[in-house]
Amino acid sequence: MEVRTAPALAVPQTSSELEVRIRKRFPHPEGTFHLHVHFRALAGFTILFGASGAGKTTVLDCIAGLTDPDQGRIALGGEQLYDSDGKRNVPAWKRHIGYVLQDLALFPHLTAEENVAYGLRQFGAAERRARSREMLEAFRIDRLRERRPAQISGGERQRVALARTLVTEPRALLLDEPLAALDRPTRSSIVEDLRRWNQRYRIPILFVTHSVEEVFALGEEVIVLEAGKIVAQGQPRDVIDAPRLETVAQLAGFENIFDATVLAGHEDRGTMTCRIGTASLDLETPMIRAEAGSQVRIGIRAGDIMLATESPRGLSARNILPGAIQKLESRAGMISAFVNCSGAEFEVHLTLAAREALSLSSGKNVWVVIKTHSCHLLRQ
Amino acid sequence: MEVRTAPALAVPQTSSELEVRIRKRFPHPEGTFHLHVHFRALAGFTILFGASGAGKTTVLDCIAGLTDPDQGRIALGGEQLYDSDGKRNVPAWKRHIGYVLQDLALFPHLTAEENVAYGLRQFGAAERRARSREMLEAFRIDRLRERRPAQISGGERQRVALARTLVTEPRALLLDEPLAALDRPTRSSIVEDLRRWNQRYRIPILFVTHSVEEVFALGEEVIVLEAGKIVAQGQPRDVIDAPRLETVAQLAGFENIFDATVLAGHEDRGTMTCRIGTASLDLETPMIRAEAGSQVRIGIRAGDIMLATESPRGLSARNILPGAIQKLESRAGMISAFVNCSGAEFEVHLTLAAREALSLSSGKNVWVVIKTHSCHLLRQ
Amino acid sequence: QEITVAAAADLSAALPEIVAKYKSQTGQNVALTFGASGNLSTQIRNGAPFDVFFSADEEYPKQLIADGLADQDTLYRYAVGQLVLWVPNDVPVDVQKLGMQALLDPAVKKISIANPQHAPYGRAAEAALKHEGIYDRVSSRLVVGENISQAAQFVESGNAQAGLLALSHAMQPAMKSKGRYWTVPLDSYPTLNQAAVVLSRSKQQKAARKFLEFLRGPAAGAVLADYGFSLPAEKH
Amino acid sequence: MNWEAFWLTVRLASLVSVVLLVIGIPIAYWIASSRWRWKFLVEAAVALPIVLPPTVLGFYVLVALGSRSPLGRWWESLTGHTLAFTFEGLVIGSLLYSLPFAVQPFAAAFGAVDPRLLRASASLGQSPVQTFRRVVIPLSTAGLVTGFTLSFAHTLGEFGVVLMVGGNIPGVTRTVSIDIYDRVQDAQYASANQTALVLLVISFVLLAIVYGVNRRAGMVGPWR
Amino acid sequence: MNWEAFWLTVRLASLVSVVLLVIGIPIAYWIASSRWRWKFLVEAAVALPIVLPPTVLGFYVLVALGSRSPLGRWWESLTGHTLAFTFEGLVIGSLLYSLPFAVQPFAAAFGAVDPRLLRASASLGQSPVQTFRRVVIPLSTAGLVTGFTLSFAHTLGEFGVVLMVGGNIPGVTRTVSIDIYDRVQDAQYASANQTALVLLVISFVLLAIVYGVNRRAGMVGPWR
């Protein structure tokens, strides 16, 4: 969206860091859900990633002040918002934190424009109108401005909810799957808008998503939650592309995950040999502290595996395995090849271009080429 | 999910085809939305695809009987459900069509289990309980069965809504973005469940999604809606991978879309040469009926473009363009390379493996290789 | 067999005592229903299952007789009501000395009377005021209760400073300690004859007539006198 | 203390409020769901009984039920006695007078149910009546409790209609409210106060039980 | 036709229902939003005035306002006259008696507002009071209309309390309901009927206007 040059609401210029250290329990007969997290989010995007029910929404609710943690501390830009020791608990409406709720919660009695203007009470009518119009235009929903939420589509509602929150120029932003109901072009243009917004305002933005694409498009930092605990944290390329945990690998969409047994270590080159499942297939993987004979899990991305139609020579890759193509499947803009190597099935992603170049087809004999460092050893 | 061997509700064995021919107008001061569609959906998955606000939910509402069309005919397995001529309009609750609404609409006063059992009034308590338990287990939410919708997470709610509809064994199924709030592993396992369901029951399933992945994972047929009209229809590989319309290409995520001018046709090999934008860059594309000098749009998938570090020889591809890598970006499990060829910027997708193999880096000179048939001429 | 007696509200203290005596003498059960005479007569017209009707005036019974709902031969004037001017203790006017003129004292801001439209005591009060020639000077200060009990409540609660009430009310234990009264001369208002009648619909004519008969006796008369009803001068 | 009158009153109020639940719900359902454009006239008509003074309404009811009206005569020929001055007559009069206190809150609550839930229910094969029973009614408990308690409490205190239609016959139509009224009229303040106090305490306990069982959740959210 | 009484009655009913809107909303807000565990006792207490017969309640009010009560004396020292037998006195008595008809429907409507909207409002920086004004109130119109019309209509027909507290003074405290009552008592049935009819027609028109303006949407959905 076009960025206003003279915002009437002062943009906090201090380093606005969000610090969260909370515990929260939901007791249930079938087992208590126990949220216990501690993290800092600097200005910019921090992605909250994790399976359904991991606790992402609960974290945001606590930060926004809509749920009280059982214990802990929440601070934004040096100001204590919640402190169970100091008995401090700033009410939600005084926190100046924007929150796009997972279920949107648009006001059914207000038009789209009135919804967007709802948080601008401090301005005069003209200013309120100008700001909300501008925001509606930015999200390409200005033609809906006279309509009630019941009269617009799901994706339109999601954009109204986003606009309603962004227009208030909050000190921090919590976005709970804000793009889930949008088509691809709309989504990318809003991602662009959000990036620009971020550059302009430099506030902490916590962004919940299940889309690995959005993690990479937006994430400067990603936090992976599992059952209420942080299990991984860092840059997307480290956390998502080189996961240490099987669950994270699954969330990130690792197509190939195998059981394996450690056969032997090679101290000299920092690798070890593992045998995959019951197949008589050995892979050379990076070294970890594990004794010979111990069980490990190995994850390999379908996109990290190369196929060759002739036995490749002079490659640095240490795992070159002969196999046969079982089947080829069209995916969105790419091809999945399933290759059987001595009983282990590998999924390999190819561009359409590559399939043509190698003239691959079902039944064809190929070589699967996997670099040592593409083999990720996963904890369970 | 495990499929019941002896369903108490007779599965209609007749060819159950859904035929829809409807018009529906929503008059708005800023312009009337006019839905006008005609399609048949056979047993199996038919994907409804289209931008936000295209009319997907309205189509489903009309079929379910929750919105009255202005005019037309809806028939399922030979039975007229709606006919504006014959003045027939079977009420929603007599249509036996399962519908997972976009906003879920779980009953807030009922537990998850009671929600799932809601549509099973015709069975005794024991049978009802058995069926809903089974369904809850299939969707891995049986531990939530005593909880109310307000006490479960967004993704969990989505699964309850799906279970609540599927358990009624409907004659047709309408799913409005049923997987939008789910993480990847949960989503794939539900996609698997749905495929199995489909094989068992063979009923028409209309599935709305914005995810190209889901289109390919489920779609036997895809219908693309734009502003209330069907603009494309067919198998995903034709419609999504070889779009004829720019809007469809955008929805499908075509990364490269250029303005171009037709320079000359080559009747002999069925191709023509087009000059891209203002760049002095010519591409050979498939032939269409267009005069020299006319303006066209060309779409090319980033995954359909190959990179070579040496000038490739003996390739059938007719477009081999020298350029330089501008930057490389990590995407989920792959690399985007942006290559400048005489002023035109191409986005090219590479696997991580390919980047290593070619040791690509920013500034490196490369050749961009594009097959004629990867250049899709798009109508606007 | 029980007989049911509908009676005007101002008999609500006296009649139960009479009934108790009657029962100890004859063993006859008598159920009592009190209400405004107008309401009771409306109800009788619409089929109320009463055997005897004790009205607070003579008009209602006569109309019932005229309409064939009561028997002329049972009409009995059982008492004459008396009007008093009642003043609470905290109002500093000497009613005994001033009589009606006490109402002109500035300390008397509101004067309560029963509704002259349909309550006999209200009509009597109005007549007495006119007779005294002060009606026009006090009419703006009149507050009107829907019946004589309500008029009493207005003064008794301290919201009115004087009231034209029934002697039977003024003599009630609850009122006696709270104020003083002056009896309005009988010649300043039309006689407040109160009459009773046996209803034609009654299925217990004999028992009903027997009860009325008892009322003519000295035992009942004494009780009525105790409660401030003077006995009728002449009898039918 | 006139326990006979008490017992009668509680029976009357319970019966009236339960009957109003039974007949008020369908009327309110119609008001909430009909899209007839003149519906608002019916809504206004439902509120009319209470704009008349109760004794006057009672008078009209008395005339309508009494031995001189066709209805009264028909009933008399059927049962041998008039409806007026019987417990059934009281019930009819009270029903009429308390109707709006039940119907209006019911209709307001029904109309506030999220329409998306009705759509979901229809798509799950449930007829409008089933949907009403399984979704609308359970989500309207606050309105149902309101209508029920208002009509119950109002019938406890009802006086004018009851007096006119009932005729204050001990054990049959003399309710506590008439009993208290009689005592006050008679300047028996001590016993009137005592009876009123007992009525208040018993009503309070009954109402508290109803509200306590149907505890309002309290608006969720950051209401600090 | 006593137009003076009419005008007085309409003024009284309008004033009482508007004042009940003003004081009933905060009380209902508290009932709907408080999480105090004994709240249900307060809810029960709010309904208590109507369990007493109106004349008896009126009698107690009369005693409370009279010159022998502290409140009455305080008011008298302030204004020189007692509250009884004045228009203000009528207003106070009617307010007390009609309170539950306003508060209970309000509270039921407030409690039915989707709590997610309250959360959204708080996250948009709006205080509980602003949220109440901008979200809860507009989404509770059906309940507000119900409470308003019930208290309005009920005050039109109110008789017992008004008679007791007002003293039936023409032009000051004689309302239509008392006027009609007097005529019935006086067996002037024709003129009573006529007045009652006029009252019914005018009330009907007023109520129809209120319901017509606040037209219920009709439950959306497949209610065929």
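Letters A, B, C, D and E mark the chains in the order given here, with residues in each chain numbered from 1 onward.
Definition applied: a residue touches a chain if its C-beta (ideal position, glycine included) is under 8 Å from a C-beta of that chain, and two chains touch if they have at least 3 such contacts.
Nothing here was measured: the structure is a model prediction, and the numbers come from that model.
Counting only chains that touch, the fewest steps needed to get from chain C to chain D is 1. With steps allowed only between chains in touch, the distance from chain A over to chain E comes to 1. With each centre defined as the average position of its C-alpha atoms, the distance from chain A to chain B rounds to 21 Å. Taking each chain's centre as the mean of its C-alpha atoms, chain B lies 91 Å from chain C.
For this pair, chain B with chain E, the centres built from the Cα atoms lie 58 Å apart. Multi-chain contact residues of chain D (touching two or more other chains): 55, 59, 114, 119, 122, 128, 139, 184, 220-222, 224. Residue positions of chain B touching 2 or more other chains: 65-66, 91-93, 103. Within chain C, contacts with two or more other chains are made by residues 39, 42, 150, 153. Across the interface of their complex, chain D is touched by residues 31-35, 39-41, 43-45, 47-48, 50-57, 59-60, 100-101, 104-105, 107-115, 118-119, 122, 128, 136, 139, 142-143, 145-146, 149-150, 153-154, 156-160, 177-178, 180-181, 184, 192, 196, 199-200, 203-204, 207-208, 210-212, 215-224 of chain E. Those residues of chain A lying in contact with chain E across their complex are 64-66, 91-94, 96-99, 101, 103, 105-109, 118-119, 121, 150, 164-165, 168. Chain contact summary for the complex, chain A toward chain B: residues 26, 28-31, 50-53, 57, 102-103, 143-144, 146-147, 151-156, 158-159, 176-177, 180-187, 210, 212-213, 215-216, 236-237, 240-241, 250-253, 301-306, 315, 329-334, 349-354, 356-357, 369, 371, 374.
Here chain C touches chain E in the complex through residues 36, 38-39, 42, 90, 109-110, 112, 115, 117-118, 142-146, 150, 153-154, 157-160, going by the rule given at the top. Contact residues on chain D toward chain C in their complex (touch as defined above): 55, 59, 62-63, 65-68, 72, 81-82, 84-85, 163-164, 167-170, 174, 182, 184-189.
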